[in-house]
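Here come two complexes built around subunit A, the first alongside subunit B, the second alongside subunit C.
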Partner chain A sequence: MTTSALPPVTTARIAAQPMIALEHTSRWYGQVIGINDVSCWIGAGITALLGPNGAGKSTMLKLITGQLKPTTGHVSVLGLEPFANTNVFRRLGYCPEIENSYDDMSGRDFVTLLGSMAGIPANRLRTRVSEVIEQVGMTANSDRKIGGYSKGMRQRVKVAQAIIHDPDVLILDEPFNGLDPLGRREMSAVLHHMADLGKCVVVSSHILYEVEQMTHNILLMNRGRLLAQGDVFHIRSLIDQHPHRIAITTTDSRGLARRMLDLPYVLSVRFDPLRPGTLEIETHSPELFYTQFPEIVLDHGFVVSSFESPDNNLESVFRYLVGAG
Partner chain B sequence: MSEMSGHTPPGALDFIVAGDTPTAGAPIADLSYRNYDGPLHTRVARWWIVSLASLRLAVKKKGFWIAAAISILPYLIILLQLYLQSGTPVPAGANPLMDLTVGQRFASQFFQALGFQMFFLFIITLLVGSGVIAADNQSNALLVYLSKPLTKGDYLLGKWMGVFLILFGVAFIPGTILYVFCLLSYYSEGFLKNEPWLFARMTLAAATPAVIHASLITGFSAWSKSPRVAGALYAGLYFIGNIVVGATWAIRHRGNLGEGVLERHLSVEGVINGLAQNLYGVVQKLPTYNQRTNTMERLSIDPPSMMVMLLMAAAFVVVGVGAARMRIRAVEIVKG
Partner chain C sequence: MSDLTLFKMALRDLVRAKRLIIAAILVAIPALITILWRMASPEEFDSYDTYNTLSAVLVYGFLLILLSVIFGTGVISQEIEQKTIVYMLTRPVPRWRIALVKFAAAFVGIVLTVWLATILLAFAAFGVGGHEESAALRFSDVRDTSQLMQRLREPQDELSKHLQSRLQDNTLRWIAPDAWQKRREEEAKSERKLDAATTSATSPSPPLPSPPRAGRRDRIGRRVRGSRPSDDRVERLAISGINDTLRNDQGFFRAERFNGVELTPETKSLINKRPSGRELTRLNRLLIEQAWPDLIVHRAQPTFNLGKDLAILPFGALAYGAVFLFMATLLHRPLMYGLVFAFGWEAWVPNLPDKFQMVSIMTYLRTLAPHPRPSAESVDIIQFLSGSNQQTISTTVATTVLVSVIVVALGMALLLFTNREYVPREDSE
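Take a look at the complex of A and B:
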């Protein structure tokens, strides 16, 4: 038995280099495309992997977790090729989307077995298992058989096994599935803290609202291709094809509409028939609009009761980029 | 605040959780993330973790203990028989139950006991082995297991060893008890001198069914998504193999036990039996009725060719383990 010779990952070191990198990576299943020529890198912090069903999210996660080998291109995790590489697995935690589990095992036994496989020595295992079980809020139910668990409880146990060895890279496939709102908050807090410690957390999810609450850093995939990577608001600002919509509720909607139409960067103004007093404008230059709007309001004495940008969010970016909007 | 609250990071949640949430009943839970600052070992024998898990799972099954208890009965019966005979010695050649030839006397008893135990070893194989990988396939556990620092080889060896150790233990432990009894009871009659390699032979003979069953059931289990299917397939191979081989031999040799010895051993059970007979060096002596002389005679049956038996055993191991290795992967790839 030998102790790990790998140096611990420090925040300074990981900040300097991507923790996960894909270079022109493709993976084909016979004639079926998994992912196609994807290049990206993922650093410390929380990154959400988004895309509709069949977008290639799961293939990408399986490539990162070393379960699959790329057909072409390269994948590296912490500077190493992950495929069947136990040195990578020792620093990587993976929570797959699977529904089934060992129903005859207790949650504690399941986490203990996987902690042991992760290399935690026997004399530390019991304490560490108790710690992670407590972290995921399963202490009271850990000795019950998994067969009797709810979907959310199974999810918590899966997350516990993924974080038991304190991995530097944590990959979670649909981690919020089956969790109640409280569970989602708790899980989110655990992931945020891991990110604060300089770890790389990749979350694949289709619950856009949950992702938006957790991170603005996204990877958006569709049909095996990477459509966008980066901050969701920055990505939204780059989508010229769809003008930004801004909804403003004011006591003098007609007067405000007149002023708005005088602005060269405002493309259209529309009154919302469902919300009296609310007008919706479209612009290609939201930054310019946001800069000048307070001035206009103050100069003309408009009373603004609400101001929102209904399509400056993850859902809109998702819709526009995958071509459904 | 719990004891661990000193670790709580800013923004982390400390709750009193109520209702039907998972922590119901636990008044305070520390949900903050805690680092693990201990060592992570690179175990040389990583497979042992997998074996241990299989062993623990097996010994939790009632069926295993029942089958194991029944399977040691042949050894106990022979032990009892020897004990009773030791009290009432009979002249050489007059004992219908025992071949008193030097080198055969005890070896034949051990071989006989293993022969009687054979069916129960097969049953135990089904009980503990059919789910060894199939249960992981069924629960998609491979996806999790193979994301840990564990190679495919570690996993396979661990699973194989889990089945092997159980079967070997079930065959070896009663064999050892019988050996110790013989050693204590017959030492003065030249037990060690006449059969010096008996313990080694018994060990190898106990390992033979364990190796073959473990290899084949691992292969079947790896290709199944349900332990029942794996068990049914292996039982099919075992019984149909016996029936086909037995029927072919009976037709070709008209049931003459002295003929077609090798042919009679070309099944899973036959190979195990053939190897065990070779390992013990036993010449079977079966009582038969001679119609011409109208007398009972003893028909001597030599063991089948060791080389052929070894080759067949090797083929079973290679096919079983090879099939399992080919099938074990975290991700099921369906090619379009």
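Take a look at the complex of A and C:
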């Protein structure tokens, strides 16, 4: 599948007032393309920026956080051009991907420095620093030097500095890197909390299941291009014109297969040689299929023991979109 | 508030343990050299000369520049390399202000270090073991060098003759080739006589060319091959030769040699003391001064201006620091280019002829904080590096130029830092 086969990106579920907007934005590094003609709008809530390594995620986030200027096109954050714009930085928090930090500082000093630079008044700084350190679960280790931190600890203080000034827009580049499952859950909770407050949270990741558990709202990137934007179901519907597979296990697979073939929107039915009693149906209209399937089952008294769609998993959507699956 | 936190953090970064050790060594070097000099030649040690030479060569010419390169470029380049600069650049603090605050911390670091080095140097030169002044002739003590050379070449009076006779072969040769030739012939004659005496005593056989003679001829032969040094060098050799005499010649005063010279009471009382060491040098210096008042100046109070150095050093730190900060905002590997500029450009350009000197910061700093030429016998490389004082540039011009350099370099640096991208190209995401 080629990317151009996709229909134009729609923004149905995006808030009317986008907090981040990219318009035909491209960025080259000399001859190398970072991102290529990307247009998108990001509103409140958690949005995942998804793509394999080298897809251009970091470049896009650096454009949004005003570290890079677009080669062509426009980037706006909260209605302003972000490059070196202090008015944007007042309301933007950024957790970079880099592991390097001020190794000679303690986690608390690091967060304090960046908190004071974020404009938190001196009289509130101490309490606020303790607050965010608590929030990211670093209270016990906050007075140790960052040089001795594990990857996960570094990740936590990085997030702490990003949220200390309670930003409206929070950008996190691969925040789950190095975190254990518990850490992921905690991090996820922090981000959900921000989202619940009506903030715009953008999280980049190349690991789908991390994102899957957190949001359905994704931006899909590959090789510098934005492949799709929207709800994971929405994205799925974008590919609905392509065959969508559903595996059904039933006691009467032959009978069900016959029924299925009668349906106009079912393209093919195939028996799974490895799993007796399981048939795999291909349809180009999964929405219709899902609505009518329960009725058919009930009407004819089929016993269905399992029902799953490998395509419903984000990973396969992604693989499908990038032409790897 | 945030400025202060950033300033403190930047300052703390400068005094990290590893750097502190290196800084401590650097700071102590001038003072240690001073102490070694004093120990190595207590007779010739001169507090003023040592201070001025080491201040010019090591503090201004080395320490100030080195620290400015490291700290000046380090203001941002270290964070760019480490990529931690993103934390700074995504804060609601204008970029120019971040650079300025960090620059201020670097400036304080440079100034405190060079101040400490200067104070330690002054203490080692004047404090430990008291301040010593050498009465030897300095190059600048000679009013008319060509006249002096003339007297050494064709001595008319007793004093000139004596001075010439005490010059070493290698010096005499360039000043008065005729006299040198004559001396060689006489020496050869006396040696032959000596040879003859020894050979006749041991065996009656005819004298053979003896190894010592061959060796000597060889040695002379090698000397002859050398080309004539520059006039300036010959003059320095001459003064150095005279100083040897002043320091070591206990028989320098002879009534007939200073016949008709009006000696001061101080000189007379010194003569009666038959002094040695430092006092001998002073006596001989007084004698030559009073014998040739038209040629040799009365030894003036040497200059030593610690206050001025302490005042000008920050000025230099600001100028160099601003230039190196500018480099860091512009170039990829600023430390490398900075070092080339510091120890290539800044070390050599001030020693170029007149007009070329004008494109070096050091030239102007030397104008503002002059360190008089060390005496003639100082090691040549130091002589060369410390260069000559620029009388041609006025203090006003020097101040104006340096202020302009600071304003322009700092302004450009802040402007660039505000407008350029400092995110290293993403190799892989």
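Following the convention adopted for this analysis, the second predicted complex is superposed on the first by the 306 of 325 C-alpha atoms of A that agree within 3 Å, B and C clash if a C-alpha of one lies under 4 Å from a C-alpha of the other, contacts with A are read in each partner's own complex, and residues count from 1 in each chain.
Convention: a contact is a pair of C-beta atoms (placed from the backbone, for glycine too) under 8 Å apart; a residue touches a chain by one contact, two chains touch by 3 or more.
These figures come from a predicted structure and were not determined experimentally.
When the two complexes are overlaid on subunit A, subunit B and subunit C occupy overlapping space and clash. By the touch criterion defined above, A:84 lies against subunit B and subunit C together after alignment on the C-alpha atoms of chain A. Of the two partner chains placed by the overlay, subunit B and subunit C both lie in contact with A:29. Of the two partner chains placed by the overlay, only subunit C lies in contact with A:53; subunit B stays clear of it. Contacts of A:69 after superposition: subunit C is touched, whereas subunit B is not reached. By the document's definition of touching, neither partner reaches A:292: not subunit B, not subunit C.
In the superposition on chain A, contact of A:306 is made with neither subunit B nor subunit C.
If you count the residues of subunit A touched by subunit B and by subunit C, you find the higher number for B.
Only one of the stretches 167-175, 239-247 or 257-265 in subunit C has C-alpha atoms clashing with subunit B after the fit on chain A, and that stretch is 239-247.
Taken together, the two structures place residues 29-30, 32, 62, 65-68, 84, 86-87, 89-90, 92, 94, 96, 98, 100-102, 104, 113-114, 116-119, 121, 161 of subunit A in contact with subunit B in one case and with subunit C in the other. Within the complex formed with subunit B, the subunit A residues making contact are 1-4, 29-32, 62, 65-68, 84, 86-87, 89-90, 92-94, 96, 98-104, 113-114, 116-121, 124, 128, 131-132, 134-141, 150, 152-153, 156, 158, 161, 163-166, 180, 182-183, 185-186, 189-190, 192-194, 196-197. For subunit C in complex with subunit A, the residues that touch the partner chain are 1-2, 5-6, 9, 12-13, 16, 82-84, 86-95, 418-419, 421-423, 425-426, 428-429.
By the touch criterion stated above, subunit B contacts subunit A in their complex at residues 4, 9, 11-13, 15, 17, 21-26, 29-44, 46, 49-50, 53, 57, 135, 138-141, 143-152, 329-331, 333-336.
Touching subunit C in their complex are the following residues of subunit A: 29-30, 32, 34, 53-59, 62, 65-69, 84, 86-87, 89-90, 92, 94, 96-98, 100-102, 104-105, 109, 112-114, 116-119, 121-122, 161.
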